[in-house]
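Shared between the two complexes below is subunit A, which pairs with subunit B and subunit C, respectively.
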Partner chain A sequence: MSARAVSSRLPFIGAAGRHNRVPSPYPWLMPVILVMGLFYLYPVIDVFRYAFTDLTLLGGEGHYTLSTFANVLTRPELVQIVWVTFIFTAGSVVGQQLIGLAMALVVVRAEKRHLFGTTILRTTALIAWVVPGIAGGIIWKMLFNEAPFGGLNSLLRVLGMAPVQWLSDPDVVMWSVVLSNIWRGTAFSMVVMYAALKAIDPSLYEAAEVDGANGRQKLFFVTLPQLRPAILVNMILITIQTLNTFDAIISLTGGGPGRATEVLSLYTFNVVFRNYDLAAGSVLSILMLVISLGLALVYASFLPKDEKA
Partner chain B sequence: MKLSSRDRLGDILSYAFMAVMFVFFSWPLIWLLSMALRTRKEVFLGVYRLIPKFPTLENFTMVLTSSQFPVYLINALKLSCLSAVGCLIIAAPAAYAFSRFDFKGKGAWMLGILAFQMISPLVIMVPLYRYMSRLGLIDSHFGTVMVYIALGVPMVTWLLKGYMDGIPKSLDEAALIDGCNRLSVFIRIILPLSTPGVASAFIITVIAGWSQFLVPFLLITKDSLVPIGVGIFQYAGTQNASTIQVLAAACLISVVPAIIAFLALQRLILSAMTAGAVKG
Partner chain C sequence: MKKSLLAALAAATALGCLPAAAEDLITSDRVGPSDAPKKMVFRMTGDGPSSTDPTWAAGYSKLYTDFINNHPGWQLELQMMTGDISQEQARMLEQAKAGHAPDCAAVDSFVLPLFKQAGVLKSLSPYFTKEEIDQLFPFVRDGVTGKDGQVYAWWWSTDLRVLYRNTEIVPNEPATWDDTKAAGLQSVEAGMEGILFNGSRYEGTAFDWLGNFWGQGGKLVDDAGKPIFADAANRDKFIKAVNYYRDLVESGAAPKRVTTIGSYDDLNAAAVAGTTALFVGGNWQYRQLQNSMDPDEFAKWSFSMLPGITADQRSTGTGGWTVAAFSSEPEKVEMCAALAREIYMGPANALQEQLPTRADLYDKYDVFKSEANQTFAKALKVGQARPGVLIYPEISNQIQIMMGKVLTGAAATDAAVDDAYKAALDAYARL
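Now for the complex of A and B:
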């Protein structure tokens, strides 16, 4: 059959059908482009527009102004909010990355030695990861219950230790929230680290052994350098995930006590949907975008140049 | 001999670490289950009655026979399944194009789609809430499903593209020579061969939809239309210390479907989700 005969039977490809091998991709991409354009691109552009207005959710068309920007960015509580966000994000990311890496290393070792329990451990961690944020917050609220019968305090009492004010002490509450977030998020890092460990070329270890490296040297001079790209990509993903966390905090502490756990996303939500201040919320949304983009670029600059995704 | 004793020490340390981690990850779930099975009296006995002496299913019956909870569950199931189907319909053709065609700016398109996932749903909900209320799509499952779809499309596109990459291109070429057009190659050959990929994408989107809170919390105000994520949040707000065991049962009921769906396809989902991060 000649090429012409084939192409005449390919009405879907249209004009590009003559070059049978390079049909136009755009009809295929159209649904995605439409959905992403309508629900992501256009709203994001509108967020930038709103930031230069004094719009509220109560109605009215609003006027263009630069003062919203200045007002929001000089709010006295913003410093506190950004600090809380930083502690929450840094604590969660470092905790998830370190514990995830440690679990992956131990699981790989345990599998090699045919130890019992690796599958149970992995599955349990993953179940925690699948738990929806709201439910996770409710579960941890039960554990942090400060009454003598609370899930952690009654355990402490059995061990003969003093109860902790998990959620009402402003100095403790942030670490409680970080702990609950590490519980929910670590499985992802563990799975990524596990897959990256399995992808390391075994001949590197053989070479290290020939050179007389011990276990610790193998870890620091072979394993960790080989994992670097995977660790950085994982850190980008979990940082953004953590910055956007909202439901797990709203159902655990609601941002309290006071503002002790009100992270930027929760604050933005409150500004828009509790105070109806659309313009101020848009400025805060831009701040969120800038922070995630900035952090992603910082991490990406540590990636080895030739392996950049 | 020295080596084997060191190995044994390593084994002991591995077991110790794994045991600590297992307790950390399982304790909240064990506690939830324990609470849900207790009577009101036993709740106050804390950890001493981790295994209740008088276990009861009454809390579950109470939740499941209440007037709202079954409705919340059905709403959540409907929203997450519809959005998963919608996601697949929209993402599958694009995934095929990304997998099979060479065109200018393909890498940029793919990264662009992925970059949208960095944006917090909260950011787009700020203007979307305004549009939706103007269009009268507040309290409509249709509007909510559309937003769910948009949130899921980037991930599903990448997932399906990755899966289709594993199907030999020679199949397409053979079918094209036999007179199929691209559309029928896609529908009759590639899609059926992608069933495992489609299934895991479907399950991932259903789980994500089941876990949704922000979008329905903002877009749905009528109690009869609310999905479980919002329902349980509002329910928790009305509870106090004397009904903690009922809340635990409700929470467990809301979590178990997601866990079952995940466990059913665990292997597929994990390999799909980590592929991107490891290649990077």
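Now for the complex of A and C:
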């Protein structure tokens, strides 16, 4: 198709088009810019604006001030909350990534061997993923219930084992919460890893076999290097998702006992919706944004250069 | 062909008319005819036709049907709140400030001051007589009245906390903290898990426990609404009340799992399952236990006032629900007041056996003449409502955090109380 033919089909080129100039992209980009600006950028700008005020949900005009930043960032509980968030995020991301990868490897291997049950395995994992966070929290609350009729402890008693203080022991409760989050999020990692495994060129495995590589060597020298971009992208996604998780925690522990499981997102929620402090909540939201962006940049720095482009 | 087409058209027309004729007056989200010219949006709790208790649901359906029949030309759009009341109320407050609140709504009495402060409520004074307002218990009347003397909500039910016990295992009423500890240990010896109470991050944790502080004469806030619960005059009382719960857990009279209990349903479940013989609960649980247990089993259960540090230093927290109007249309405000009056002020109290806020209603309805309700009414005399101040939600939040730290042994009582007090004062300074 000639350039003249193309230009005759483009409505906004006009005189420029007749001189074979590149058409303006803005008419095509405007809908996207408008939607992004209205539904994504405007709320973010508003959060930044609120952070520089002393606005509450209780009324009043509010005034512009820097004191909210100083007040929020020097709160004594913030250090513990960031630490709890780190443990929760790190535990969840590592667990979801490792188990998701293991499940994907099992599924791909089983498919190659035409074994029965691969679809059931994938579907079962995906069911956990589609369960809403609040419902997931309630399910695990029933399982972790420490009453004599609680789910997991009843099982332990049947097996002759001592019951565990899943939610009342401050040293155990965080791992109970991480476990529930791994259960919920692993399916996503499995799907990403499964897709990436399917995209690996089979000739690489054939070459490795010709070189006499065993299964373990194929995993470490072929599979994992090939999965590296997918693993890093997956980790960016699940890290951000985990940092924003509060629904499952609020229904499982409410952040307690004390502040033992109060992550940053839940703290932000509590500050806005229980303390009615809109400005402080905005500062905490910016803090979460900074942490998410920082971690994303760290992960991205490990991406192969051609993948970054 | 033309005949059959006409017949089909006639049949379709007739069928189309049928649903309108047989339309239910009550659906899950509407009361009244769907084509009624006037509509009021009412955001409500489970105290309505969608109640999970079939008896109450049927009773409310009748009350709502009668109500809508008394107000022809109206329909009610029902919006249900979730169980997370704090979040629901905060969201509604924000909606009200933005001008998007429902016309009429259930407002929890403990957050009513926030709505009054925000100036989003419409006065209901013109729709209630002075005699009706005067019949309200003083703490209720103070709670619903604004600085301008107008009534901004109708507080229709109140509740209180009591100590339930299985008399087969704990025959005598524990009147003091020491009695309670002994009774808890006695129940553990009988194979139970000890005394249960809310102890997790939940409003009930703070509210159910506060009676222990109030009973000693402790005060949460001063007249200006500033937290004073751990100042020189109150700190000792506060710490004693916290140590009472701590001692229950550390002595084994209460299980450590109380720090995970954040629902009155959990307490009911343990009582019905027969794993506890003693728990701190609300008066409304009496009927729930009766509905859930075999009559023989229920006959073993009784309740008494919350114990105190001494038998004559006792108190209990009283709460309840109000109905408030947000609409800027006077017609809808009047309709909202009518809803509060005709459904909730009396009939709903009798239906659910929720304690009325008007002294005269205890004589009007036979259900409140029962021994149990007379005992509840007696306990109301030492009842205390949460302070109607803006800082209360944060005080409650800090008590919940403090309680978790203390009961799990993660912090010393003194240090945890001082942290909670400082955090409450900091939050007060930001309001």
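Everything below uses one rule, namely that the second predicted complex is superposed on the first by the 272 of 309 C-alpha atoms of A that agree within 3 Å, B and C clash if a C-alpha of one lies under 4 Å from a C-alpha of the other, contacts with A are read in each partner's own complex, and residues count from 1 in each chain.
By our rule, contacts are C-beta pairs under 8 Å (C-beta built on N, C-alpha and C of every residue); 3 or more make two chains touch, one makes a residue touch a chain.
All figures in this text were calculated on a predicted structure; none of them were measured in a lab.
A.B. asks: Label the relationship between subunit B and subunit C on subunit A in the superposed model as either fit or clash.
C.D. replies: clash
A.B. asks: Which partner, subunit B or subunit C, touches the larger number of subunit A residues?
C.D. replies: Ranking subunit B and subunit C by residues of subunit A touched puts B first.
A.B. asks: If we overlay the two complexes on their shared chain A, which of subunit B and subunit C does A:225 touch? Say first, second, both or neither.
C.D. replies: neither
A.B. asks: Looking at A:304, would you say it contacts subunit B, subunit C, both, or neither? Reply first, second, both or neither.
C.D. replies: In the superposition, A:304 touches no partner, neither subunit B nor subunit C.
A.B. asks: Touching A:294 in the superposition: subunit B (first), subunit C (second), both, neither?
C.D. replies: neither
A.B. asks: What is the contact status of A:273 with respect to subunit B (first) and subunit C (second): first, second, both, or neither?
C.D. replies: A:273: touches subunit B and subunit C.
A.B. asks: First (subunit B), second (subunit C), both or neither: which does A:142 touch?
C.D. replies: Only subunit B is touched by A:142; subunit C is not.
A.B. asks: Have a look at where A:57 lands relative to subunit B and subunit C in the superposition and call it first, second, both or neither.
C.D. replies: In the superposition, A:57 touches subunit B and subunit C alike.
A.B. asks: With chain A superposed, which of the segments 77-85, 275-283 or 383-391 in subunit C collides sterically with subunit B?
C.D. replies: Clashing stretch: 77-85.
A.B. asks: In the superposed arrangement, what residues of subunit A touch both subunit B and subunit C?
C.D. replies: In subunit A, positions 57, 145, 147-149, 250, 272-273 sit in both the subunit B and subunit C interfaces.
A.B. asks: For the complex, which residues does subunit A have touching subunit C?
C.D. replies: Touching subunit C: residues 54, 56-59, 71, 75-77, 144-149, 165, 167-170, 250, 253-260, 270, 272-277, 280 of subunit A.
A.B. asks: Show me the residue ranges of subunit A that touch subunit B in the complex, using the header's touch definition.
C.D. replies: Touching subunit B from subunit A are residues 1, 6, 9-13, 20, 22-25, 27-29, 31-32, 35-36, 38-44, 46-47, 50, 57, 99, 102-103, 106-107, 109-110, 113, 115, 117-118, 120-121, 123-128, 130-135, 138-143, 145, 147-151, 153-155, 157-158, 183, 186-188, 191-192, 195-196, 199, 229-230, 233-234, 237, 240, 243-244, 246-247, 250-251, 265, 268-269, 272-273, 278, 281-282, 285, 288-289, 292-293, 296, 307, 309.
A.B. asks: Would you mind writing out the residues of subunit C in touch with subunit A in their complex?
C.D. replies: 84, 86-87, 90-91, 93-94, 97, 114, 117-119, 193, 199-202, 255-260, 262, 266, 269-270, 273, 275, 390, 393-394, 397, 400-402, 404-405, 407-408, 410-411, 419, 423, 426-427, 430-431
A.B. asks: Enumerate the contact residues on subunit B facing subunit A in the complex.
C.D. replies: 7, 10-11, 14-15, 17-18, 21-22, 24-29, 31-32, 35, 43-48, 89-91, 93-94, 96-98, 101-103, 106, 109, 113, 116, 118-124, 126-131, 146-147, 149-150, 153-154, 157, 176-177, 179, 181-183, 207, 210-211, 213-214, 218, 229, 232-233, 236, 241, 244, 247-248, 251, 254-255, 258-259, 262-263, 266, 270, 273-274, 277-280
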